[in-house]
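All remarks here apply to the structure that follows.
The first chain written gets the first letter, and so on, giving A, B, C and D; residue counts start at 1 in each chain.
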Amino acid sequence: MTSTPPPGDPAPTAAPTPTGPVHVIGEILHSRRTGAYQHVTLAAPDVAERVRPGTVVALTAGEPRLGRRLFWVRGVRTVGGFGSAVEIVVEPTGPGSRWVAELPVGARLPVTGPLGRPFSLPRDPVSCVLVGEEVAAACLYPLALRLKERGCAVTMLLGARSESHLLAALEARRTARSVTVVTADGSVGRKGPADDLFGAALPEVLERAAADVVYAAATTPSLARVARAAEHHGAWCQTALTQPGVCGTGLCQGCAVPVAGEDGLVRSARACADGPVFRGDRVRWDELAGGAP
Amino acid sequence: MTSTPPPGDPAPTAAPTPTGPVHVIGEILHSRRTGAYQHVTLAAPDVAERVRPGTVVALTAGEPRLGRRLFWVRGVRTVGGFGSAVEIVVEPTGPGSRWVAELPVGARLPVTGPLGRPFSLPRDPVSCVLVGEEVAAACLYPLALRLKERGCAVTMLLGARSESHLLAALEARRTARSVTVVTADGSVGRKGPADDLFGAALPEVLERAAADVVYAAATTPSLARVARAAEHHGAWCQTALTQPGVCGTGLCQGCAVPVAGEDGLVRSARACADGPVFRGDRVRWDELAGGAP
Amino acid sequence: MSANAARIPGPVMNAAGCGGTGRELAAYGDLSALGAFVTRTITLTPRTGGSMPRVVETPSGLLHAVGLQNPGLDRFLATELPWLVRQGARVVVSIAGESVVEHAELARRVGQSPGVAAVEVDLAEPDPPAWGLLETREPIASALVATRVISSCRRELPRDVPLLAKLRPDPVRVVDQAYGLLEAGVDGLVVGHALPALMPDGRSGALSGPALFPVARRCVAELAAAVPDLPVIGCGGVGSTADAHAMLDAGAVAVQIGTALLHDPTAVHRIAAGVGGDRRHDTGGAR
Amino acid sequence: MSANAARIPGPVMNAAGCGGTGRELAAYGDLSALGAFVTRTITLTPRTGGSMPRVVETPSGLLHAVGLQNPGLDRFLATELPWLVRQGARVVVSIAGESVVEHAELARRVGQSPGVAAVEVDLAEPDPPAWGLLETREPIASALVATRVISSCRRELPRDVPLLAKLRPDPVRVVDQAYGLLEAGVDGLVVGHALPALMPDGRSGALSGPALFPVARRCVAELAAAVPDLPVIGCGGVGSTADAHAMLDAGAVAVQIGTALLHDPTAVHRIAAGVGGDRRHDTGGAR
């Protein structure tokens, strides 16, 4: 297996164009707990304007931690006096995410973004199914809005271990034509098995929506299954990966994802710079699960 | 020159007696800026009860800083609901002291104390002159109270670069029979040269008070001069040193002070555990200034 | 001091493997504003790199086991290098080989490419055998191998392209190594790399970042005292302009910024601006 | 494994030079509750120590240049040791000498004193020449000196007093050193000391603390793989029970706590309680 990150072509994140990332000092404007998640609004001059659905922002995680923590952009807002701001959803699980979640309003911290390649949007008003699991579903909300603007039919399939980990199903109903909810414990929506949350619902939803395109943001095992189901259904599929890494900016090669190129050769792509959105049929899901690059 | 820290005799700080130090989680109860200093009151269960004038508490300085920062105990208070608390005065100069000064009320942090050997109190109601410079003067306030309780005549000589760095001269007047103030810029009290703040006032104050004992807490150069003046005057002198070190608990031997023993041999004592209070005639001031241990 | 010593770029550049392909860094500032852009370490054939996780946090440091992921020499010379040269970057190409012969080939072909400001031979991988590289650390025999690597690279490179060797930040051994490499024709040293360490899961990894700054700085000071004529680039834990000045004060002619860039992608531009006109390496290594 | 291996105390003790005289540590918990109490390094004659500042902060670490301040052997044996023994502490006496003969004398006299649980020879001072100590690091000749130090200490010590050697945390070299010392009769190793580094003011110093934990742990793993019969005590950056377990999991039979104690004087008691009954070294070094 030969492998390199795609060279040659100027990556949209790397070129110093208005869509490229900037590094600024952000400020916490709002921070509110809902269920298992902390919803944080961050003034970040110049970042918000450049955001496209599927990109992320990188935040510091407090001394002496040197890795950055990535967060999907949940939305963009205009905030009086601050220009525009980004909304992120933080699940406080480890020291870095807890640090971010506990920052008081007014706290300032370095923000880098938007980072990564966004979801590609279809040219035509096709039928789109958006599959979102837990906090990763955050990136689907701005996507749903853009798709709707383009006249696409948006169907959403949302899943989580329980209601408190389900992200904004109510809001989904405002944008999407139809919303299906699955939880592992059955606390809301259908009950789906914990080890294959979307298993039963997915083929059914794809069928019902006559899906042309599937967008998914979920854990890696779920993404692998969604990609397979989409292929089976004959839909074009894009997956947003949450692959660990430290810099988020494409500098360290720490976030390897095995991706097949046009030429069929598998290369080690950087999840943060070459992704986080990849075509579902290009990612080598088995190797990824096995820890291989 | 042979040298060791005084062995043999059980140091008051080391023996696990009720006067020994404890390591507890403290909580900021009050924090108020006055002039150049932050006055911080810290709930510290069991610490306050053990404090004697001249001892210090050690605080952490925030990740990733591993050294402790020492602060003179300015006073001890009873605080409803928290038992007793210690008052310290923080001059925010570097990252550690700024971190402490900026801690909000309610913040919790490890506190170790009381540390070090306190001032020795005279058996008889003699005449005592207390010389305090800037923030170091903090440790003289509890001392003045104890001396007054014992019927000693207390005279205070306080100095600072300017009024904002002068510690509580008003309160001094409540305890002391007489208070003399010197500032380098003349903003309050007499004007004394910056390089020898107490030079002019000291012999005069010692004379006027007919000092039997001199207690001093100041920068090292000032302490050296006070010790010399006291010796010249024939008074017994105790000096409280602010010698840098990292642990504050006597474990690292990082805070060396050259001290002559009863036998005349100079040993390298630990400022934090064998001090911070030393007899003025025992410290080798010249070697100390020269950086030698 | 060799005539090439004055050609060593500086005073502030990124460290190998911490600047991506250059394109990512270019988003945060002109590459031509840096003393140099240092590439990932390039090997003769493409490398996929190691398994995940590849980079994890440790107190004030990072542990990495990236495994020299790179596109291989051909692809690098065809696509990445020309792009970097077009940006006006002074490009330092980092190379590593599996044999002396491979090193020589890498040096020859890199040296023939237009726009290369210097070649940096990575003799400091914390775990060369794990990545199929030449063992140049220990015992004495391997030190001789390092000398042969440098002398054959020197032979293959155009006379006016400075040859740098990157050494492990080992204060006890770095001076002895430097003497050998100086004789072999090296123009300058980069000291040092990340330290051999253990990943949390028990694999071999390497420690970089502020944690090791005082160790790297010690190496620079030892070299400056022992081999004053050999320019040394200080690398290891530099994260601020103050750190850079401390490294220069210890005797370095330039600094490289690695881990700090992963935390703050503007770090190398910020420090380059901070150190500013202070290009003391231009004076011929005067300290 | 030597019969003495099972006598090596553990699993949690303080590191040499970070427990004061013992009296200060006793204020925060019974010394008898620890696996052992390790003394400062004791030399034949008293030492004043280095100039100020002696210990300064660095990111997630400390730099020290204490210079082995200690009261000398006579005074130590007359006052400090008996006090420690009376407290019920298992006392590990750390020693360092200026010659092989001095090491032998130190071992003989310490070994004759009642209540000594083990002797730890400090072969890992980052800057031995600076403090007038024997150079035991490099080149090869010095490694032979280390072997002679250990064999002569072994000869002078009572048969049942375990002899430990403390080595520098150098993953590249530690295994070779271990083989030599094992032949010379060492019963166990302490790995490692602080790393050679530079103080901010340019003097030589040594780096300790969490910053170097992954490096020390790597050394332990290398030794456990290469010399499984030689018990290794892991030292370097251990600051929590989780760190201690990670060190034990890498193959250590015990851990020592240094820098963490300077930050939190209860650290060694806290970690000893946390690791608790998990005295796997008692099983004869089973990992």
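The rule is short, and it goes like this: contacts are C-beta pairs under 8 Å (C-beta built on N, C-alpha and C of every residue); 3 or more make two chains touch, one makes a residue touch a chain.
Small disclaimer: the values here were computed from a predicted structure and weren't measured.
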{"item": "Contact-graph distance - origin subunit B, target subunit D", "value": "1"}
{"item": "Contact-richer chain pair (by C-beta pairs counted) among A-B and A-C", "value": "A-C"}
{"item": "Chain separated most widely from subunit C, comparing mean CA positions", "value": "B"}
{"item": "Whole-Å gap between the CA centroids of subunit A and subunit C", "value": "35"}
{"item": "Cα-centroid distance, subunit A relative to subunit B, in whole angstrom", "value": "57"}
{"item": "Rounded Å distance between subunit A and subunit D, as computed from the means of their C-alpha atoms", "value": "50"}
{"item": "Of all residues in subunit D, the ones touching two or more other chains", "value": "59-61, 209-210"}
{"item": "Where subunit A touches two or more other chains, by residue", "value": "63-64"}
{"item": "Footprint of subunit D on subunit C - complex, ascending", "value": "58-61, 63, 126, 137-140, 168, 170-173, 176, 195-200, 202, 204-205, 207, 209-215, 217-218, 221, 237, 246, 249-250"}
{"item": "Contact footprint of subunit D on subunit B as seen in their complex", "value": "1-5, 7-8, 10-11, 13-16, 20-23, 60, 63-68, 110, 112, 243-247, 249-256, 268, 273, 291-293"}
{"item": "Subunit B partner contacts - residues on subunit D that touch it in the complex", "value": "17-21, 23-28, 40, 45-57, 59-62, 64, 66-67, 69-72, 75, 79-80, 209-210, 259, 261-266"}
{"item": "Residues of subunit B defined as touching subunit A within the complex", "value": "62-64"}
